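One structure is given here, and the rest of the page talks about it.
Going in written order, the chains are labelled A, B, C and D, and every chain counts its residues from 1.
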């Protein structure tokens, strides 16, 4: 049984808390969050301790840390945990600044500690099935990949700046998935953006609609279609076209009931947002982290993957701003 | 090129007129219909003659007759055509009275004339694919067959009586399909009916909702689910379950466009009614009839099939009225 | 926090153990099972006690019992639990003999104890959505209900006798769902059966393929199509046709990935069997039971529902054996 | 009744011949084709004349010409037909050279003759439904358009050069559809290409895999995903995402039969190629042309549309070759 200190008792922290509790090999040992009320509530529910950052980092009974706190705390917590020998699961991003990411990873590299970066989509059963079918040669060599990724509704405009912009905040998942699915790093990236959803987002210097094209050494081309607002839930689809056919991962719908009537055949929307759509992914991510804790696995997405995705997000931004393809 | 005399210039006559015209080997030679205006209009459109019954039957240039006139004329026209050596396509039913059907078939049997009975669904590409997959052994031995067949909206109640009732008028197609798909004749039939759609239909002594169960010598069980009113178009589906899996023929929708929005994912209804749903079936039926005319094929549904389906419809009626299974 | 004693550490007991553990308001307090090894393993995993029947029944710290033991123990355990004031969740059936069911329910009725009978499908999110849409008037008055229910593969023939036969063991779920969805009790039942899947099942006096038709006071007709072997996973579908359209609950597939290639478009099979298909249903069932424990709800399926379903199963058997409709 | 002279008795000529014959208001009057055997066969089948170019152009009984001959004859035939007052339906492209297209259109512009350019996809019922739903405001303002267009298998490499390359030959349809669906002309185009399918195509200086991104004045972004080889039939899909949701036009499958078995759920591939997929589009295109002939409609795609699509194809080529976005 591994004892886990959870940093962050917010929305994503609660997701991890459930999974830590439900997994037969982990215990939600302590909660660390400056927002006392949220921390207490979670601690009560799971019979966990409240700890300060220092207490958790120095507590020899803590085996692993789960970092789901504010983005600007991630790098510090990673460094502290690494220096104290705690195995790390950290939500993306490591940091919004590439230089800070690199410094942090340098600290980590001097320790034997493993870190799993929370690119949750890598653990989604649909995308894993697609990747395993591809790996099994079902469609032969990859030729083009199309990722559709749309949020149900836009965040407040002021979130735009804080989050690092659409590419760093949202597209970064898709950039990671393109690398992961194809198993190569792109050699060129071209990005196009528009502000179509909310003027205030544009005024804050961000976009809400984007298309990103990446060229890979094998000749394969990946296209990402992003929007901050779908109007019909969380649209998360992937199509991988290869020499022998197509693999297509569709949306998970809220239910499978159809109503056939005067206005046609009506079925449910895709599941609303990431908490619903990636519920199974978070469970699988946690199970993988337990394997890492147990020394049975190395992280399938680590600090390097976190850095690479950020490099791509910055290159996409440069491409959009300059109107030119960026060679990598 | 075969010259065709078309008996009946109504709704179904017009369907045949188009197909006769479009087929490279047939010509719409003449129209026979007591309703002069309709006949003239069709004759004008296709540059066809107007003929009386006698003229058409005696005209040596007429090679085939297509009988799409009122039900109570079918048997007479079949007999005349047979006696005059015209190859026959006759819409179902041959007659609503089994004894008249048998007399008519006896007359036909004394001639060398071939007759195709218009059980249009046998020619539907979906059901043909299902049957051919079954025939190819894809699901092994048949175990249960489920036919769903619902009209978009009920006919006027007075049609109920004229049409011979729901079993003779509507279910008869499904009874024929069960025999055709399974390739056996049932040994028992049990029918259940309700008047749910229109009280006037019940007052006219008919039903509008039915379930018919048939047992076959092989042990296979067929179930037919019928309604005079779907509320969402023409529902024509079939499922054949066998020892190695399931074959399922779905509805043809009006189009394949989906709208994903606030109220879910909306797609089109099934095609409205038999003219739309079985457009391809009527074309294939005509092509088969041309093969019969050319001596290249024998009818895949003949007088015997017409008689058998009527026998089943009457047995279903008896079962419903007595509340007992009828052994055949 | 409610302490639960779990009777039965087998396949279904393990499902409940997970849900008891994961629910924030219940604790897996003790395991009762004569098979010591299985009991110990489960107790170890969840840090639960091992108790004898008597210890659990008499332990004042046990608030509720979850009965997932062998069928022939259910009635006894229900009586003991009722007499000791423990809230009960009991897997179906209460007993295979109707008289024993009635005796047991009479004992229960003399106590204030609530019992939830585990008709798990009532808690399936798909069927709940269908029922709630129907209840909201989306399709108006119900006219016909079609339940398709096929197991992935047949049980051993000797299970046939022990289980009480196909109607009592398997169809009983569908009989319950027909009552539940339509909200009425049938007035007549007609059943047809065949042995198509495994001769040994027939030799043991049972069937493996069945169609059951029920007539309801409203005029609605329900049809159940059952098979012990689908060849493609667990087929669990429902169609409710009403005056304004159709509600259709489809199968849950193993995943949503499609492969488009030379041999067509291939997607996953339905989830394999009830543990997978009804995983969410078992979670929801447990959540409902916690509400019953907490006095916030009365059981949505109780002893009476268990008895009614068994009455229908016996009537179906009588109908099949006599070849006649059984009036209820 | 309009008399039509058909130029070209090849594959596409035969498609038009059927539709000319089947339409109640047109007659296949004559065939013009230097390949005598093909011309004779078609003439015999439809009881049409054989004419030389001059005879057809000068024959006062010819009301319209349908040009389905070799690409390098199109511009000449258009000019001749225009000068002789024949209404024109011309297959795309008008010519592979933009200057020749412009000269030809200048000649046409001096006459009162109407010309319909055969961008067949504009007449496809699926895409028409999508466009009409968009026009009706179902999804509000357009934000992103995604066109997937893949041929079933690649043409011979030597076809690459003759056809003007992938953008001029294949993508041109998609470039036209993007303009048509969005109702705007793009202001920038960026293209990416790869040779993944057949090395010989690359050696001939062409590509077989492409992604094209277009920016529109409204801010909308269109993405085209092309391949010369799908491995699963003709993949022709479109997704239009707007402020209130998504409109999605799916593939037409060869049939709607599904086989559920051990290896999953197998359904049919998309229809094989353009003759099957766009059969209804060609019929609708012809019906529209008859309306143009009758003075009831103006062509929904004319010479200007043909020219615009070619301009976009050339700009796409320039973008791919220079690695830069081309501003229009």
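The rule we apply is simple: a residue touches a chain if its C-beta (ideal position, glycine included) is under 8 Å from a C-beta of that chain, and two chains touch if they have at least 3 such contacts.
The structure presented is a predicted model; accordingly, all values stated were derived computationally and were not measured.
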Exercise. Which other chains touch chain B while also touching chain C?
Worked result: A, D
Problem set entry | From the options A-C, A-B or A-D, the pair that copies B-C, where over half of the contact pairs coincide | A-D
Seminar exercise, completed: Chain centres computed over CA atoms; the one at greatest distance from chain C is chain D
For this session: Any chance you could check whether C-D or B-D wins on number of contacting C-beta pairs?
Result: B-D
Exercise. Distance-wise, how many Å sit between the C-alpha centres of chain B and chain D, to the nearest whole number?
Worked result: 39
Exercise. In whole angstrom, what separates the CA-based centres of chain C and chain D?
Worked result: 57
Seminar exercise, completed: Two or more other chains are touched by the chain B residues 139, 230-232, 235, 244-246, 260-262
For this session: Note which residues of chain B are touching chain A in the complex, please.
Result: 230-232, 235, 253, 260-270
Problem set entry | Residue ranges of chain C in contact with chain A within the complex | 18, 21-22, 24, 45, 125-126, 129-130, 133, 138-139, 244-252, 255-262
For this session: Could you pull out which chain C residues touch chain B in their complex?
Result: 139, 141, 143-144, 146, 148, 150, 190, 192, 194-197, 209-211, 213, 215, 219-221, 223, 225, 227, 229-232, 235, 239, 241-246, 323-325
